[in-house]
Amino acid sequence: MVETDTPSPPWQVSEWLNTSHPITLAGLRGKVVVLHAFQILCPGCVSDGLPQAARISAIFPSERVAVIGLHTVFEHHDVMGPKALRAFLSEYRIRFPVGIDQAAHDSSIPLTMRAYGLQGTPSVVVFDGEGRVRFSRLGQVEDLHLGAVIGELLVSARLGETPELASSAGDPSRASCGDDACVAGVTR
Amino acid sequence: MVETDTPSPPWQVSEWLNTSHPITLAGLRGKVVVLHAFQILCPGCVSDGLPQAARISAIFPSERVAVIGLHTVFEHHDVMGPKALRAFLSEYRIRFPVGIDQAAHDSSIPLTMRAYGLQGTPSVVVFDGEGRVRFSRLGQVEDLHLGAVIGELLVSARLGETPELASSAGDPSRASCGDDACVAGVTR
Amino acid sequence: MVETDTPSPPWQVSEWLNTSHPITLAGLRGKVVVLHAFQILCPGCVSDGLPQAARISAIFPSERVAVIGLHTVFEHHDVMGPKALRAFLSEYRIRFPVGIDQAAHDSSIPLTMRAYGLQGTPSVVVFDGEGRVRFSRLGQVEDLHLGAVIGELLVSARLGETPELASSAGDPSRASCGDDACVAGVTR
Amino acid sequence: MVETDTPSPPWQVSEWLNTSHPITLAGLRGKVVVLHAFQILCPGCVSDGLPQAARISAIFPSERVAVIGLHTVFEHHDVMGPKALRAFLSEYRIRFPVGIDQAAHDSSIPLTMRAYGLQGTPSVVVFDGEGRVRFSRLGQVEDLHLGAVIGELLVSARLGETPELASSAGDPSRASCGDDACVAGVTR
């Protein structure tokens, strides 16, 4: 659980797919934003994370909840380039916008992944209507839990409040994956 | 989706299981309450509804969200009595409180089921912290959707607000079961 | 795994459902017979065993493979009588023949269950075309494994051979339930 | 269902993974052989076909049943090369031998896929102990059905018989995908 009053880092994206124009956090102001970080060769992303993102996209109205994918390649870089990603999105019929996280010159970790301190894939980051990070988690998150986070932020967005997330009290997630053990991702 | 300012009908329960004392809606004031109406011989209740209720009970802290079962027997009355229910709860390891809906003298539909206008089983009714019905649905509800309803009401409970449920805009439920067609329940 | 040249005990059934006439092992000569022992209040039977039996019934031609249910009540006798079973079969839309295992006067274990040495429910017993027990297992059996047993016996039935079951070499079952620990069944 | 007395075409493989030496059908004589044709960007292969192949590999003793993968790339060739396949096998922890189907000079369809008349991916081809094709199917095949095919061939392999497959009588497969509609594969 991450909560902060400091502004969120900008998304550094080298190319956008499934959208006619680049997407910024500022441009999504007023909406709850669910950012799903994945890699196409990450089994947990394919079996759990991406289907969950697609369900969110199908269930919630797009004028209130935005679902954005972020291809955060930190391993096997040479076989997870833009062409491979494009083929993957087509075969898996993923329709929501996906950005390619900008590769770093000095690290295998791409820039946005590093700026947000993501430990691996799949990771989900939820922003409130003001663009603040309100939830960030590595690994599988239960639908009931993530739904509650979205529900709370939907009310906050409407009321202009920034309450602590009650749904995160007690941290109900059963992530099987410790922070350190998954630095290289839950794909291992 | 049911929303009303009229007070909710009291629960009419002939016997409580899994609890040392009778439970009333008034006694749960301040909590979000998820009431799960089921029958032990209802396939959709066993495969979907009751496991979902158990997940809610496991994920959300009990001081904020109360999960209550209601055995609303409207068919096969002679084989779904209290002894059968008790054996069922034991075998399925259901730990949350379950009330037996009071049988009616003049109808196969028990009293609480009738008072709340429930059309069959499984049905889920969600109350806000003031005891008002904020969501009522027959059939399967997706975890993301129900989670969002709970999340919104958790904020409302804290803020003392009664906002319209944003998560229900567009009614994303994919219930396969029309109101009329399921008067005798989704168990058919 | 049980293999024997001694004749199988007769099925002792107090009442047959889903069939117009009593069924005997002798009457099924020439077919592979899959006997599924279950109880209606046994969670593993409802979630795994009975759906597997229904899949077998749907996949294999009935003139070669017979699927028979056996309601082996060994606990909660007063709430798992014939009326409850009949309501259950109707609600779960189970179409294959089901016999009620004859209750014993001196034991909670019914007669056929005792004669076959079944340890609990769900149990599956597979007979070859000569009515000999060729496979008997408590708990969940994987579809691939059970399919292979049926396939081997289908060939044997045609060839009149009684080969050892190659598919059972190494006993691939991942039954989570030891013989002794489940005397009272996997329903516990 | 394909049955033939003509010898099976040889496998034309440009590179073998997960094995120290090239594998030939002749070298597997005496075993039932399950050949699983897949592509790493084929959703049905990842969700169903490959896990089924892994289950077969885990359940049946390797001295009786051989499970072989065949990477039959017929689309997106530039992003499904050997390096991508190697990364995929590592991330998905696939341990059984996988051959890369030899690319054709004059077609997008690789040579072995063409020689066996495979229509797309996932496809499963089962050979008897004599190396003859006894079962070939595009799309998802139920575990019970495939298990029965393997079981029948296990007996045949031992007895030296070539009986018609009883388990395929009536063709129980529920493949959702017609031959023509899937020429470009079930990956679409």
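The first chain written gets the first letter, and so on, giving A, B, C and D; residue counts start at 1 in each chain.
We take it that a contact is a pair of C-beta atoms (placed from the backbone, for glycine too) under 8 Å apart; a residue touches a chain by one contact, two chains touch by 3 or more.
Small disclaimer: the values here were computed from a predicted structure and weren't measured.
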item: Contacts common to chain B and chain C (chain labels); value: none
item: Chain whose mean Cα position lies farthest from chain C; value: A
item: Whole-Å gap between the CA centroids of chain C and chain D; value: 33
item: Cα-centroid distance, chain A relative to chain C, in whole angstrom; value: 48
item: Geometric centre distance via CA averages, chain D-chain A, whole Å; value: 36
item: Residues within chain D bordering two or more other chains; value: none
item: Pairwise touch network: line, ring, star, complete, or other; value: ring
item: Which pairs of chains touch, using the document's own definition; value: A-B, A-D, B-C, C-D
item: Chain D contact footprint on chain A (complex, rising order); value: 41-43, 46-47, 76, 78-79, 81, 83-84, 87-88, 91-92, 187-188
item: Residues of chain D defined as touching chain C within the complex; value: 52, 55-56, 58-61, 64, 142-156, 158-159, 161, 163, 166-167, 169-170, 172
